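Going in written order, the chains are labelled A, B, C and D, and every chain counts its residues from 1.
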């Protein structure tokens, strides 16, 4: 058995923080090796070390059984390592072909041969059965396609070893299946793949071996056929985790907290939303399933009161919101958990306490006569830090210093603690580890049990299936299906999400 | 009038040396105008009369008063400043320091016991220069570059145009304000434009922008000339500057200083025109060059006009309205 | 009568320093480093050019020195904003203040007086073009730096349009992390872009002191750096757009001077002089589509090596 | 106690930067054959040496504090207001209008009105860039630069035409009525403009505004993250506009103070440069209003002292200009240390977190 890449006693310290602490992993050639662990366990760090982005503090790397020193990604690329990063590394306003050849451009130093680039990309697409339009600009294509572009980018550089850092987070089930097909194809051609994912079923499906990290240390490496989900969870978090919320109570479902009729929105030349009809009642969680970019973001912007130039009727808590600004909509009983916490949820340079009142900062008890009331703010923040178990040095720490899961909890606390009648939750668990996801799920289900209404948008089908009482499937800005809990069926929903099938409108 | 201190300028050991303070206006030294001329007058006087000079360059008009105070506090007996905008500061500081003297140039200050104010009739020199330009132009078009719109600039510009019209009623003067006193590049571009539009003489009255004009005259080639200002500026381009409207600030400063040192200066305003030697037309010292464009008859004609201005037969217009009336 | 000929000629020659400086701005900002220190770099370039030409009597060396001087100041800016990750606006303001002080100081040191330098050897005009029919007589009157500016403009356009390096600069300015994962050295590219930007600003300065004039004058950049910055934004960070923006400013300045000269409008020169700026504001107010700065512009990129 | 410690450590780097600048300045002074020690002692004598010197230093700081505050507030909302100079000129014009043409009012009414006019005119001049920003997303840097030039022209035109003084050989407006002049504290050589008190009050108000009020919270939130602000019902447009108007108003106040306090009348061609000075002052102070007072004082010490340095030692003020640049460059480079420190701080925090998690 030969090894494609090995990390030998790798340590990576950030100051005193041991992100990787004496990690030794051997990855066999021609296999799929999965890396698992909680948020902040050190997975990405280890991969960045293997890719030459970080220099290890101690330890070294062997490639093809040969000691190497990778000073930068260039060295890694030259040795046949490719990496698809957790966040896509694509330049939005360049074409696919340009993105792929970037750094190893076709043509001469003085002339970038775009025609040749396009041709080479087309050949590559053919060879690996990954289809993209090389002339399209990245900001015009779907995430699934962006994922493909990322893989093509690696293949273009002639990789022998492909590192995939959470590649499935944004894909639809069918796309995930397609990705796995491709991984198998690569492996069959003699390539090696390292994959990171939080989804244990995927790990079990695709990998040959699994390494689990916790708090920067290697817990162990196992053969996939020797473990199951609960064993893996135990290895990762040291306890059992129950997703999908704890017990669900019977609720009354009497008030209509959201009612959308014939909602349409034109964006440029295409319809981002097309005659949408949706309703959410108190005491239920309604899901929106669909692949990213099928109108969900627009729907959220409209319901949260940000976007106004739509046609149709949108009522939140029984009142039309067309003429209300965001502040009014929120004040009248809307909690909003935005999809991108860094972009829309937090002011990273504000403290935890300051973030905790964002949007409620202007009224009592947090403010009076235009002045902030710091006692009330601080009490509120401390209470929430306790109630929501937010791990922070203090309420005065900057939000930017918290881990992603804890940042998410600030938002969760802020948006749910005063029990709004309607909660709009978009991707509330994106990028979180199982422990944190469990917490978010519990919070949402508790709100439901408490007769609050929730609209949940998520690209994680599992999440929707576990949490929702009802769901709508979005495709190309249209509602292509509405299903009750008892009608949920992964296969069917997946097909609807890809536009392959339209469920009969729920009567 | 002020009490004159000892005049031996500190040559003899025990006596306190006289200290002269100089506060520039915001143009600062190197403005090719007042400040440089004043400074050359001060330097000349200090060499001959032997006194110490303390200088402050002002950054803004609001600093004038403080800078005057600063030179007095630092031991100056007399302060010199040049520029119309000094007037208020001079009055203010003169009252605060009754035993010191301020020699102000171009700043009109009357009725303050320790201020000697010298004013100039720029328009007279400009008029004569205009008349000269009207006679020598071959194209019938001459250019005029002014600095920033102000009464003094208007006066000179109107004087020039009026003079030009008296000798060349069919020609035309193209006048442009550069909008600045210290952008040589802009001065040059404007002059280029004027030459392109047919001007063969460009008169410049725009501070440091003038340097650009002189450079443009060289670039414009044969038959194109410039007219200077300040102390003549002939050294800036000996081949191209034929004549200048000079303002002998240096001489006035020198005289005022020697009067002060000999205890003869008297407070109040003296206005100097051509007659009083404050302003004049001046030709390039290279007479041959002057003669290539201006015959002796022309020079005689100009001289006649100059005499008429001196004895009041010609009343030089000051404002636009005066100018319009004059041209009728 | 308004002279179109005069307007065109003046537009071209006043645009030259702006074009140099704003092309520099494009380069620097496209790589992700804002450069509001251009004003100082122009001034410093003008000074270095004059000084070297004064001592060597060789204006070509002067032009080279101007570029080097601008580049050196830019190197300081690069060090602070790239290596230190310092605030770019602060660094640039410091550069400009420093440049104003040091050039005035240097002038006094060399010539023992304020205001302006002695005349120095300067660049001859391009007489070789004189024999070209019709336009030759105009072309011959321009400084060789004008033609250099055109070459640089086309070069930078080509750089961004057709070369791998251009693609990489674009990437570094849009998302330096992407560039790094592809083995592109972000810092090196940014350093060079900023340095070359300073060199171009320095050439703009050389045009002022050795092309247009034959001397240095205190503050002779006279706000051109800020105007160049405006041109970068107005031209939407694209080389040709930016050149057009520079011509735009120059042409309206030329027009307002012509309006003064002909006295057609009867408006005060003071009001007329505001025309280029008012027109610029109007263009911005009514232009369609948003201008988009490079996404990572102004954001320091600290290397992740812990 | 902690606060004092914190302030000390915050002051350390600026002091080092200033020290470097003085070393650099001495090299320049040496190159002219003068003695740096003599020059610097003249500089300090000129800035502090006598009651008159101290008064001047303080008086000079007044407009600098206001423009520094002006740039700070806009910067809190992430707009770089380079248009302070234009707003200052316009504010000076407004203050002069009220100061000159309103007659017969008691000082208690007239002076506040004139100052208010300065604020309003300055603020108005910032409205255009503000609207361009929020309606058309026009970069504030470019629009404020343009507005400067326009302000100079417009005010110059107005002074040259409709509001020209009755009799004067140089163009200016009439004297501001004495009832609208800002009084001075006079005592022996001391001659301190009350404006310094207004400036300090303005800094304190601004600090309270930023730290304690809803408006300040919103402005900083928008500055920190526009998207998050909008999503949470804080209108980024409104706050950008408000912060720019306050910024313009403060610059206008700088002009008002200068005219009503210092010069007494508005001259044609008035653009003292304080608006531009506000940029390094604010950035050096990192937007902190109290820091602005200190940096403004630093600038004013250097400038006031430069005059004496010139008169008594013959060292040109250009050295002081260069030194100001050097101080700023060092402060900017200082970020390499603060960032390093911050990173370390974050890491220790993370470690604490890990310990917490580990304890679970």
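The rule is simple: contacts are C-beta pairs under 8 Å (C-beta built on N, C-alpha and C of every residue); 3 or more make two chains touch, one makes a residue touch a chain.
Because the structure is predicted, anything quoted here is derived from the model rather than measured.
Peer 1: Go through B-C and A-C and name the pair with more C-beta contacts between its chains.
Peer 2: Result of the comparison of B-C and A-C: B-C.
Peer 1: Could you work out how far the Cα centre of subunit A sits from that of subunit B, in whole Å?
Peer 2: Roughly 75 Å, centre to centre.
Peer 1: Can you give the whole-Å distance between the Cα centres of subunit B and subunit C?
Peer 2: Measuring from centre to centre gives 35 Å for this pair.
Peer 1: Distance-wise, how many Å sit between the C-alpha centres of subunit A and subunit C, to the nearest whole number?
Peer 2: So the centre of subunit A lies 44 Å away from the centre of subunit C.
Peer 1: With chain centres taken as the means of their Cα atoms, state the distance from subunit C to subunit D in Å.
Peer 2: Centre separation, subunit C to subunit D: 28 Å.
Peer 1: Could you list the positions in subunit B whose residues touch two or more of the other chains?
Peer 2: 57, 148-149
Peer 1: Give the residues of subunit D that touch two or more other chains, as numbers and ranges in rising order.
Peer 2: 156, 160, 316
Peer 1: Please output the residue numbers of subunit C that touch at least 2 other chains, ranges allowed.
Peer 2: Expected reply: 114, 268, 270, 273.
Peer 1: Which pairs of chains touch each other?
Peer 2: A-C, A-D, B-C, B-D, C-D
Peer 1: Touching residues of subunit B toward subunit D in the complex: what are they?
Peer 2: 21, 26, 54-57, 59-62, 66-67, 69-71, 73-74, 83-85, 87-88, 106-108, 119, 148-152
Peer 1: Touching subunit B in the complex: which residues of subunit D?
Peer 2: Residues 46, 50, 52, 56, 156, 160, 168-172, 258, 262-265, 267-270, 272-273, 303, 307-308, 310-312, 316-317 of subunit D touch subunit B in their complex.
Peer 1: Applying the document's contact rule, which stretches of subunit D touch subunit A when the two form their complex?
Peer 2: Where subunit D meets subunit A, its residues are 212-215, 217-218, 220-221, 224-225, 227-235, 343-344, 346-354, 356-358.
Peer 1: So in the complex, which bits of subunit D are touching subunit C?
Peer 2: Per the touch definition, subunit D meets subunit C at residues 28, 31-32, 80, 82, 128, 132, 136-139, 141-143, 145-147, 149-150, 152-154, 156-157, 160-161, 279-280, 283-284, 316, 318-329, 331-336, 339.
Peer 1: For a test of understanding, state which residues of subunit C touch subunit A in their complex under the given definition.
Peer 2: Residues 162-168, 170-171, 174-175, 177-185, 295, 304-306 of subunit C touch subunit A in their complex.
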